[in-house]
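Look for chain A in each of the two complexes below; its partner is chain B in the first and chain C in the second.
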Partner chain A sequence: MSVRQPTPVPDPIGSYGAKIDGRERISGAALFVADLKLPRMVHAKFVRSTRAHARIVRIHLDAALAIPGVVGHCVGEELPRRYGVIPVAQDETALAVGKVRYIGEPVVCIAALDPETAHRACEAVRVEYEDIEAILTIEAALDPARPTIHEYARKPSNILRRVHQNYGNVDAGFAEAAVVLEENFDYPGSTHVALESHAALARVEPDGKLTLWSSTQNPHYVHRDVARVLGLRDQDVRLIKPAVGAGYGGKCDPFCSDICASHLARKLGRPVRIVLEREEVFLAHRGRHPTRMWLKMGFSAEGRITAVDFKAWADGGAYASYGVVTSYYLGVFMPLPYQLENYRFESHRLYTNKPPCGPKRGHGAIQPRFALEVLLDRAAGRLGLDPAAMRRDNCVEANSETCNGLRVTSVGIQACIDAVVQASGYTERRGKLGPGRGLGIATSAYMCGALHPIYQNEMPHSTVQIKIDRSGEVVVYSGTADVGQGSNHMLAGLVAHRLGLHPADIRVLEGDTSLTPVDLGSYSSRVTFMAGNAALLAVNPLRERIVAAVAEKLGCDPAEVSFGRPGHADRGDGPRVGTDTSDVSWVDAVWLAEEKSGPLVNAGGYTPPKIGSRFRRQSVGPSPAYSFTAQVAEVVVDEETGMVAVERIWVAHDCGRVLNLAVVEGQIEGCVYMGVGEALCEEQRYLPGGLIRAPSILEYKLPTVHESPEVTVFAIESHDPEGPLGAKEAGEGPQLSTVPAIANAIFDASGVWLHQPPFTPERVLRALDARARGGPP
Partner chain B sequence: MLPLPRFSWEAPDRLPDLVRLAAEPGARLVAGGTDLLPSMKHRIFRPGTLVSTRRVPELRTLRVGADHSLSLGAALSLRELARHAEVRTHFPSLALALGSVATPTIQGMATLGGNLMLDTRCMYYNQPSGWRAALGGCLKCEGTLCHVAPRGAGCYAAHSADTVPVLMLLGATAVFATPNGELPIAVGELYPEDGREGPRCPPGAVLVRVEVPAPQRAVAFRKLRQRAAIDYGLLLTAVAPTPEGWEAVISAVAPQPIRVAAPTREALADAVHKAVQPLPTHQQASTWRKRMLRVEVARALASLPA
Partner chain C sequence: MSNELVLHLVVNGEPARALVPASRTLLELLREDLGLTGTKHGCDVGDCGACTVLVNGLPRLACITVAADCAGEHVDTIEGVAVGGQPSAIQAAFDHHVAAQCGYCTPGFVMTLTHLFTEEPEADEASLRHALGSNICRCTGYVKILAAARDAQARMRNPA
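On to the complex of A and B.
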């Protein structure tokens, strides 16, 4: 029998190690809100508006409340306080108060002993409406003669926000250009389709305090808004985020389910659970803003971008959600990843009588990136330049500042371009694949969290607390919301890395406002950067205290002490702490440290650096770091049917440093698949009266496995100086360049430019017909 | 998740009991339930009793004749039929049609009888009850106006059963059990002109089996859809040679499958294009579906031996 050779604990950083919570997800053991049951729990459902824009005249509830099994209800007047995550645009109520603003808006909430009875009761409610002219298009929203959807602003209008910014001298930039191109683009609305629908379960505790379990990306903001609407102190509300089946931005807001479950639980004195039906998830929406765009770009003969002028009108639906932020994101990221000196944009975020749009993966930046990358390829064609080389020549450099004052630190964009160009054979193969097959390239950049918090404060954006118990257990407490993206594993990996442990030995408790310190939430790609840094700030002093205690015990220099050391041949594996000549077990090291310096508990808070900007108004957009992506798509266009097949995508993403390769690759692949959906088939459409056309995952077309290309991922490491161990985001940015890469590949395949995703067969055929008639491509 | 409305459940194991229970007021037959249960969740149907066909041996029997003719029990799953060696070898177009329904998991639940008796479909009809209420209903359900053709004469909800065009060209017969004995009806005769009615099931009758005569000619089948799985067809196309020339059956365009004949292979696509007018019953543009008629017929023909 051979003696097992003890090995050092492998460093999890950069490895392909399995996620610590992967097994509970794939085995079905993870508990989602819909799995939670409490004694005496009742189920609530919503009566929803059948009108796009109407005053509520009367609500007839008698027939519904007479149904056996119905236990209670609530209407909008009981919850009149308006809420919303963005302080300057709090315009929502959980149930319509006085008037309805879109078909499907919740009007009444009814609780019953079972969901079927609640559903039947909702059908028995009759609501009398008095119609108001509905605003359903961008033109109507811009027309000051039309009725306004909201009255709360000082000067009511259907323009929630107009942003206008101007950098350098755009007119001079166009004057010096060798080629000037301009084009109109229409980017469609789409929705997230997270596998788990929104859900909430509320209970009033014996002491009168409220506990709310919610399927949310943002426990902190939901916590604040639920307390605000219910008139409770924040400290009397506990929000727990159980396992969440993804969000993609769709669970960043507080929802009617959160507020009505909480209110009814207090009103009825029994737990209330609300699980939205799939149709209702399409109505809760907060998806991509349908955006009309006009873009004009100037280029020198060598392909340098001399000026960019951009206008956007975003059709935002009936409520603000994150729309104020959207209006900025539509413009502020345009000066990355290319060097721009002369840039101006004007964006509008509009109200219309449709389900509210909000943040969807790549929030606000997806639409302009599509326009810019397509126009860039057209310019390359006009100038006779290789599109990849032209992009490479325009790239920003590390440690620079953009024309709109974004501080840029690490930059891996050129390495990204090189990786996908080489892997795909772009330079040699483009234009030579014969009719119907083509290659296209696009690049992009995205943020790693916002420099400035959503509500004004100087506190840390993320706090992580770590407790190391004398049992040897390490517990990480974080207010983050792992919604499947892997933030729990990220935290465990960083802490395990510092303490020489396996990630699976780290217990992560997260997303519980009473148990865990505040993290602002899973949005704007902020969690790895901010919570990751907070975790390092929390663990590093604990590590130093263990080093000091072990060095004292072993009589060695603290600098010689290392972690994750192998065990001894006769006693199996480590981890052990010490030097090459003597060491102690991990548990002994913890004992020594606690004996020497007291409880091993520490918290770290991450606050973004104060970065001065030349532009005082630039408060939305700046980030502590930016990620970069390049991708090449290979497509086949069936010129008889107009059907486009995306066969392969090569994608390289500068994520700063890979903390876990499986998670990074998974996030990048997820971005690409979501981008393929937006390119080929996804669109949230409405009938002319404002009724959503396809509120089902049968008719809202997501790509199946057949439509999903083979994806080759390259993780590029630029080692950001401020990221946790150098890491940046990987879960959002890679989606930005997928749609334009596919559009550019369609041009290579069939010689037509498409300016309106999704590239459906009829749109492709229409473009091919126009080309056949001799029109412009 | 949309809750199902309440109903009671019967699962007889004798054919006479199935026929009797199915005839009772408020009863409805359920086989795989893959289409019926979503429609019940949408409150399109609110049957008091569901009567399951799955335990009745006559509906689960598959017989192969010496001449390779088939007798296929109505409650056999699409998957077991699509995988059956006789079906694959002698009726490859039927195997293809069976395997094109929805997804492999749904094919494991869904049945041949259920596919033949599939209700007609329309984007204004197959929607949740709250959606239909906002629309004010439609001619087929809860309303008086057809949103597909407001000035039209009736309901245009589309026949959408993937297996039917092929079965029609194979000359298949649906055999029903009634209190007075068996009643055979040619598959092509099952579908009325008005989409409101759905498949014609004689009163008190239960579909027991489908009889497919011995293979006589090659049949080609194509299903046009946006995605290669899950979706209902945007066009269902079956083509085959006849003694006089060629014929096609096109479905997913009207309440009935449409049979079109032409003297030559070359003329068939034009004849279909002339005879068939897709209407906006689907989410996808009907102009594109119209244009695809020629392409689908040509591609179906190309898949047959010359």
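On to the complex of A and C.
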């Protein structure tokens, strides 16, 4: 028998490798809501509106309810209390009350012993409608003479929110410009297509309390809204987020499935499960807002941006969702990553009779970034400047403030630009690849969570609790929602790093409102920054208590005590704690600490810093930190067919610090993929009457492996002073610059500017045709 | 229900039997009747590949396969891939490269690759991409999936 050589525990931070919950994901063992079954469980389905905008005259249920196996139903009048995550825009009900606002809106929910019977019952329901003129375009939504979709909205119109902000002196900036360019852009709507459908399973416990399993990104907000609609105290609802088959922003809202499963479970006294069908996921939507934009920019002869003027109209669909936030995000991030002095924007978020838009990855910031980065390249061409160098010269400095009052700390944008320019050979190769092949560059920046919470309060945005007990087990309790992005591994990695353990030694229990402390949710790229900091705040005092106990035992200076010292594998008590001359096992260290100072349980709460702004109304946009991205796309344009192929993307992202390289790369690659989809093919389209055109994975064109580019990732580390170990976000920001990089590459390849994604063969051919006839490029 | 039948088949090497309506799909049979929820429901119409299983060694989309057609056949699912409780080379490579982010599509990808590398251990890049073209992933951009597949193929050729 040989004794293995002791090896110190490698620091997990920055390493490349498996997530702590990887095994359950590769084995099919992870349980999603649709995999959960309870005794006496029934299944519910929805009757959905066939009208875009209509009053409900009467609902005929008799035939449906007479079908054997149907056990219950509910209609909108039973759940009249309006909800929504944004307190100032609570305009939704789970089932239509009195009136329908889009084709596909849920009207009735029917529960039966099996899904097929529930489906047949839904088909037997007849709803009488009285049509109202449907509002289906931006023009119609802006016309005050048209009917109002939400009568109770404060303003007699279909404008949910208009935001206007003005910084510096825009007119003076244009007056001093050597070149002024303006253009109209149309950015399409698109949707997330998470492969797991939205699903909910609700059970009433013997004591009358409700347990709801939901496929959600935001357990906390869904918890609050379900309690609100059902008239229950928050404390009587337990929301559990099991494994979730991704969200990308599409599972940020409470859905009809959550509320109707909960209501029917109470009404019927038995568990109710609802799994949306694929077509219903397209109707649940909350995807990218189709956005019409006008952008005007001024430039000095040297390429400095002297002024930016921007207007946007976002077609938001029938309900607000996060639309108030969208109206701000359309404008507030425009300055970054550049140093602008003169900037103004006016944005509108409109109601129309279509499925509601919401927060898709890169929420609200994707559309304006496309417009600005394309116009910037056009200006570089006009001025005879290198587009990469021109961007670099305009970049914001570290530890500065933008014209609209955003405090900027760590900045890695120059390093990002340098990395992709060098790797792609951009400077030497651009313009020289011959007709049909081209390179394009774009840059972007994004937030690491919002400084201000969605509902006003002064409490921590993330709380993490850690329990270490005499077994040696470390348990992290967090209200976060890992939906595949790797937040469980992030928490385990940070805690393991502080305690000298392997991440796999840390058990993470998350997303259960009765078990885990509050975290606001997986949106706005906030989790690594906020929950990560909370985890460090929770573990650090525990670490100090273990240090004190071990130092006392060993009779040494606490400063000499280190964690993760090599232990013998065959002893089974893990790495050791101590000094170069003497140490104790991890488990003994835990015993000593608990004996000396009591239970090893501690919670840490992260509250963003109070950062004043020069601008009183700047409440949406400020973040504790910003991430930065640069990317270069190489495309091939077939001038015969109009087909665009994105062959390769070089992307450099300033994520502050890499916590797990495989996870960070995967997030960046996923962003690029979604960007390529929006650039080439993805669009949520409607027939003129408001019927969704392509509610299936086959018809809604999305990239397979064949259309997806080779992606080369550079993780740039700017070491944010306030991020957990210096980390910032990586899962959302990188998508912002993908579409404009591709648009700029198409110009390099074919000499045409495209102002409306997706860059389909029809649009490319039309542009090539216009160029051939001598029109503007 | 008069249109019910008793099905006998072999699932992951073990005999299985179920009383099912004639319209039962293989996906429903696996998930609802046999409790094998590792095979996922993505689209119900054969567009996404999440429900890929092997029937007599060949990839089939369980959501558009009638269960009754599989009477007497051998069906392999994600639950049967691990060897002696240890992940297969493909699974281990997916784990190492974090090719499973949310993991919802992963069982389908693993089954597609299990078939490919059994039939074609020397599959080249074109064959690999051709095979993976039948599965949709929305998380990874396929970058880590391709890396895991190449890595697994190398490990299967030269076991450590």
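Everything that follows uses one rule, which is that the second predicted complex is superposed on the first by the 767 of 777 C-alpha atoms of A that agree within 3 Å, B and C clash if a C-alpha of one lies under 4 Å from a C-alpha of the other, contacts with A are read in each partner's own complex, and residues count from 1 in each chain.
Keep this in mind: a contact is a pair of C-beta atoms (placed from the backbone, for glycine too) under 8 Å apart; a residue touches a chain by one contact, two chains touch by 3 or more.
Computed from a prediction, not measured in an experiment: that's the story for all the values here.
Applying the stated contact rule after C-alpha superposition, one finds that A:G245 touches chain C and leaves chain B untouched. Using the contact criterion defined above for the overlaid structures, shared-chain residue A:D35 touches chain C, although it does not reach chain B.
When the two complexes are overlaid on their common chain A, residue A:L698 makes contact with chain B and with chain C alike. Contacts of A:A194 after superposition on the shared chain: chain C is touched, whereas chain B is not. In the superposition on chain A, contact is made by A:H706 with both chain B and chain C. Of the two partner chains placed by the overlay, neither chain B nor chain C lies in contact with A:G72.
In the superposition on chain A, A:E277 contacts both chain B and chain C.
In the superposed three-chain model, the partner touching more residues of chain A is C, compared with the other of chain B and chain C. After overlaying the two complexes on the shared chain, residue contacts for A:G751 are found with neither chain B nor chain C.
Once chain A of one complex is fitted onto chain A of the other, the partner contacts of A:H119 are limited to chain B, with no touch recorded for chain C.
Counting contacts as defined above, chain A residues 197, 275, 277-278, 696, 698, 704-706 meet chain B in one complex and chain C in the other.
Remark: chain B residues 1-6, 43, 123, 127-131, 133-135, 226-232, 283-285, 287-288, 291-292, 295 touch chain A in the complex.
Listed in rising order, the residues of chain A touching chain B in the complex are 48-51, 103-104, 114-116, 119-120, 123, 197, 275, 277-279, 640-642, 681, 685, 687, 691-696, 698-699, 701, 703-707, 760-762, 765.
For chain A in complex with chain C, the touching residues are 17-19, 22-32, 34-35, 192-197, 243-246, 248, 275, 277-278, 483-486, 660, 662-663, 665-666, 669-670, 672-674, 676, 696-698, 702, 704-706, 708, 710-711.
Considering their complex, residues 31, 37-45, 47-48, 50, 77-79, 81-82, 87, 91-92, 94-98, 100-107, 110, 129, 132-133, 135-146 of chain C touch chain A.
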